[in-house]
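Look for chain A in each of the two complexes below; its partner is chain B in the first and chain C in the second.
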Partner chain A sequence: MNSTAGTPIASKSVTWVSPGDITTSTESAVSAALERATQGGHWDTLEIDLRAARLVDSKGLNVIVSVIRKAGERGCRVRLVAPQTSVRRILAFTRIDRHAEVVDAGGRPV
Partner chain B sequence: MTSGITLLTPLRRLASAVSQRRSRARHAWSDVAQAAREELTALLPEVERTFLQTTTHFEQASNQGQALLTNCESLLRLASGVEGGSDSAHRTLQLLQGPLAFIDRCVQQQDRLLGLLVQCEQRTAAMLDVRTRMQATLATLPYVSVLFKIESAALPPDLRESFLTLTGEIERMRDLVDQSITDNARLLNQAHATLRHLRSHLAEEFRRVATTVTDRRQRVDQAVHTLDSDLARNSQRDLRLHRQSHTIRDQIGAIVGKLQFHDIVHQKCEHVLAALDASRDPEGAGARLQALQLEAAARDLAAARTAALGALEQIHCLAGELEHSSSKLDDLQCMTAAFDGMVQMLLETITNVRTATTEVATLTDRTCEALQPMDGLAQGLSSALTELSINMRLIALNAQIRSVLDGAGTGLEQLSARTAQISTEVNDLSMTNAENLVQLGAAVREMSATFNEFRAHGRQHLQEFDSARAGSETSLHAIRDQTLTSFQHISSSVDSLQAELRSAGAAIDSLTPLGAQLESIAARLHAFAEAHPPDQQEAEAVAALAGTYTMDSERSVHAVVTGRTHVANDEATELFAAAEPADPPPPDRTTAAPVATAPSLGANVDLF
Partner chain C sequence: MPRDHSAGRLLVVDDDSATLRICDTLLRKEGYRVAVACSAAEARHIVAVEGTAAFAAVLSDFRMPTEDGLSLLSHLRSIDPSLSTILMTAEGEKDLVAQAMREGVNSYVDKPFAPKAVRDAVLAAVAATHRQRQLRHDASSARAVAATQRLLLGREAAKLGGRLRLSSRAHARAGGDFASVFGLGDDRFVVFVTDVSGHDLRAAYHSVYLQGVARGLLAEGADLVQVFTHLNRLLLDEWNTRGRIELSLAACAVAIDLRAQTSQLINCGLPCPRFSNNEGWSDVTSENGSSPLGWFDELPVMVSRPFAHGRLQFWSDGLDDLAERLGVSPLALNHRLQDEPSVLDLLPISAADDIIAASLDLSPSGSSPAGFPLIAESYSKPARDRIDDIQRYYEHSLRLALPTLAETTMVDALLCLREGLLNALDHGCGDDPAVLATVQVAFAPASQSLLLCISDTGAGHQFDLGNHEVAAACDLLTSHRGLIMMKNLSQNFTITSGGSRVTMEIPVALES
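And now, the complex of A and B:
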């Protein structure tokens, strides 16, 4: 069971829904939003809903890698949900899919 | 006469019947040949159109294959760091050099600074001890003051008054000393606690920063080492992606080069048309020969279709495998784009070193702020003790003078001596304290100077780092973006190539009905041939066609019909386009059948 966006609850899962692409122009806002979403509360899984993202560039990847590392440092994991084909290819190419779960909208591994 | 007439009549009837039969046969052949000519004439443009359509798709696919190869090579250069990666890495290393050297210098000074802090702590502890001893020394002052009052009570009022003034000064001095010692003791305790905290904090922070920087430096050194060794190694390696992209391009090129069905079928059909045009009389053997030639052409089309579709399927699979390989790059450490690749590591190092430098700068700021009051404390305490020492000496001197003048032989003399002794002790303690203060001040100033230098250098490095950092980060991101773009281009190229291959497949599939049409014409010619067995004259005419064939396969078919031995061309493969026809040139269907000449070497045409 997921919490509402950005609000950690006892389910130990917190979800952040990306409003669109994660690129140079949105990097700061995404970073800040993820920071807010993961502040406080007890959670062990951060779900990043990527269905609205058609593009993730180098700076966007930096944000995702940073979040995965921070989550790892506190013993938590990151799940990347429903990435579009182009983004999924990038996640595989950059081997991010070896450090975070990549699942479809139904939660099945892709 | 009658018998002759009687004999001639059946002969005439026979001749008439033969003539009628020949006439019917001629008409029938004329119909069959005409229909065949018309169908073939209509079919040839269709074959050409299909061929053009197919070759257009293959040329597009060939272009896509070339683009794929280019993109794969670009990706390999970018992913392995050959293109841009090395420059960006070394530029970043240069950027990191200043701050890392600064942090190193700070960490190297750690032992000396911690030693100075220990000295400071020892000095403040010693001063607190002086304070205790001072309090013990001054503890007797109230009694001295009371005794002065008692001893002077018997003196005349004016003298008594002077001793009362003296005791007043002693009490005021004692209050002053109490206050000063109390205040300074509080400050000393604070300073002592601050120094202890600073020492522990500095030791911890220096250790943490040193660990971070050492870890980062090791990772950077490792990455640069890996980059250099990988660059050398990868240039010698035949990477899978490289092989696959070359294979795809070569296979497409091979199909385009070998896709000769149009020329083969066209010429075979042209030869059939020419033969049909030349054949005015009904010829069963000739019809069979042309039927077999058309069937051979139909088989050529079918073989072309099967081979091309098989090759297309193979290229389709290869393209899929290539896309998979490009997304994994299993045999290559993707240092520009991978999660643990060099670019990501350098980006993180930039952030970490920036944070570490800021932390050291902040630490030095805080340390400077903490040390600043220490200097003031030293000054204040020193002044208070000097004043105390001087005043005590003056009081002692005053008491001695008064007791010599007015109280000789009384207890006042002893009291004055005791006061002088206290003054001497206070003076000694003041001197000790002054020495402690000098040492404390020196250590504090040395530390302040070092930390001020750290602060100045830290700010300078931060300023330089921040102004160059953006450029370095932009360069690293640009390399990774280029790698991602190149990777995405491969995906797009594979998609386009596969779409083009599907179109080429559909175009090739349209050969099926054309082949069926050739077989249909051949079937009608076979039917005519079966109804009209060949005679000697016809067999010779058919044999004479041998010289008109330009292709080995045509001659082979001809040999089957004529029953002659066919000697295959020794050359395993000779493209049709390059083959010269036998002498005379290939028959034109608008002209009469050429005269047979010596057999040509021709060509043994293999489609695939």
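And now, the complex of A and C:
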């Protein structure tokens, strides 16, 4: 899977850009990519850029939830960049938006 | 010895009177009737008065004052592309010859010319004109047949009011797929859809001939089995003798009695008809295939059923073939065809065969089924590995059936279908290849919603989704998230049959 892994966007932030949908078909690759992106170094915020993700299915959500949990265990937070209405809606009704910050493409909270 | 060229009148154009005389004499000796003109203007005048159809070929010199021969011949071909033309050029004018050929001139003769070269060029040109005009005539006849077919189909469908929707498209201008509605009196009708082997004028003739035989038999009181038996025997005994299949007929007939509210169906060789219920859930009317008439002695059994809220849908194999090549559900293609027959002109792939599709409303009077079926597919466990392909198939099908479906509706529907199918394959099918998961999608115009149903033949299992959903949200539980997604992305979400059947409704947003 191609991804922009481990690119520091601020002194304590790491961003990972999803290259496409996060589904049963891509969950393993996404998990591995996120693992690599968050390995080592000091960061307090992980930004997951979902702009290219048209579909995030239940397995995809589980990958995101796992990352949120891991981040929480080490006292870090996750920010989800989700401009698509459909993805934001899913993040809302699953209440993932209460465990991670959800922002639009411009970085504004939604 | 002069040949008989009585049908071929020639026009020879040259500003050199000696050349005109030589050509005139030479060609008259060959049996042609010849008109001569000493300029392009005079030639234009002659053609304007007599018409291009009066001539079988035009032979013109290139170098003439005021207007050259190539300009004249191009003008004549623009009026009548079937008229063959020959350009006379000075020897060695290769660039001119190349240009003339590009502009549609049939051939050229070098000047000074040998009589044989002129004779051969004219003979070929006249033959080409006759060929082109015959083709034009045939095409015109085909268009007339096609127009008659369309007119008759419209009239046939109207006999049953809004109950019957017919859509047809011939691969050529006219074809072998046809439908008739025979009124038998007392509110009894027979809908007869046929697909004759071949898709040309001959097939159109065969189709109408066999439909006529059926009409006569029905008028004399024969039932569907008797009609099909007679047609089968006719094809076997009169057409397909000595082991060679010359003509076969795929046919499906439905006899309906509007008063008794009953129907009878027999199908020989068409794709298996489908019945969709009030919601639009669609199923085949028989698990068994059948052969076209004219192949074997045996006939399939006629199926009787009382009226029920729903639609009977049947189509020729041309629709199945096109749907497969488009990567869409035949039900979705059928739905769009019923709505917009001209969609076939817009598709990226052309139909390779004639298509006829029919949808017959079998609901009791005064009611119509709510849902139109768009997708109905069954899968076993290994389909899990193809989930992305299956998702694309759903998307293409929905995009074709409902072209203005908004992206938000599409994504919601795809997510629900994906989650539902994976859930059924993982938990319903297990590892038993005999256990199938079925996905159904229908469109309900009245409520402007997509109706989704995912079911499996497994044992199912019960659990409290409501409580689980709350706990999952609070504690970020990962199990059963697919069900939670389906419940929240849709309306009227229901789980029945011990958890093995999920239905939901997705409001349709349309883009302008």
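Methods note: the second predicted complex is superposed on the first by the 100 of 110 C-alpha atoms of A that agree within 3 Å, B and C clash if a C-alpha of one lies under 4 Å from a C-alpha of the other, contacts with A are read in each partner's own complex, and residues count from 1 in each chain.
In this section, a contact is a pair of C-beta atoms (placed from the backbone, for glycine too) under 8 Å apart; a residue touches a chain by one contact, two chains touch by 3 or more.
Just so we're clear, the structure is a prediction, and the values are computed from it rather than from any experiment.
> Quick one: is A:54 in contact with chain B, with chain C, with both, or with neither? Answer first, second, both or neither.
second
> Residues of chain A touched: more by chain B or chain C?
Partner with more touched residues of chain A: C.
> With the two structures laid over each other on chain A, which partner does A:39 touch: chain B (first), chain C (second), both, or neither?
Neither partner.
> Between chain B (first) and chain C (second), which, if any, makes contact with A:95: first, second, both or neither?
Both partners, chain B and chain C.
> Of the two partner chains, chain B (first) and chain C (second), which one does A:25 touch, if any: first, second, both, or neither?
A:25: touches chain C, not chain B.
> Which positions of chain A sit in both the chain B and the chain C interface?
Dual-contact residues (chain A): 24, 57-58, 61-62, 65, 68, 86, 89-90, 93-96, 98-99.
> Help me check something: in the complex, which residues belonging to chain A touch chain C?
Contact set of chain A toward chain C: 23-25, 54-55, 57-58, 61-62, 65-66, 68-69, 84-86, 89-90, 93-96, 98-99.
> Okay, in this complex, where on chain B does chain A touch?
Within the complex, chain B touches chain A at residues 326-329, 334, 337-341, 343-344, 347, 476-478, 480-481, 484, 487-488, 491.
> Report the residues of chain A in contact with chain B in the complex, numbered from low to high.
Contact set of chain A toward chain B: 24, 57-59, 61-62, 65, 68, 86, 89-90, 92-96, 98-99.
> Quick one: which bits of chain C touch chain A in the complex? Just the residue numbers, please.
387-388, 407-408, 411-412, 414-415, 418-419, 422, 472-474, 476, 478, 481-482, 484-485, 488-489
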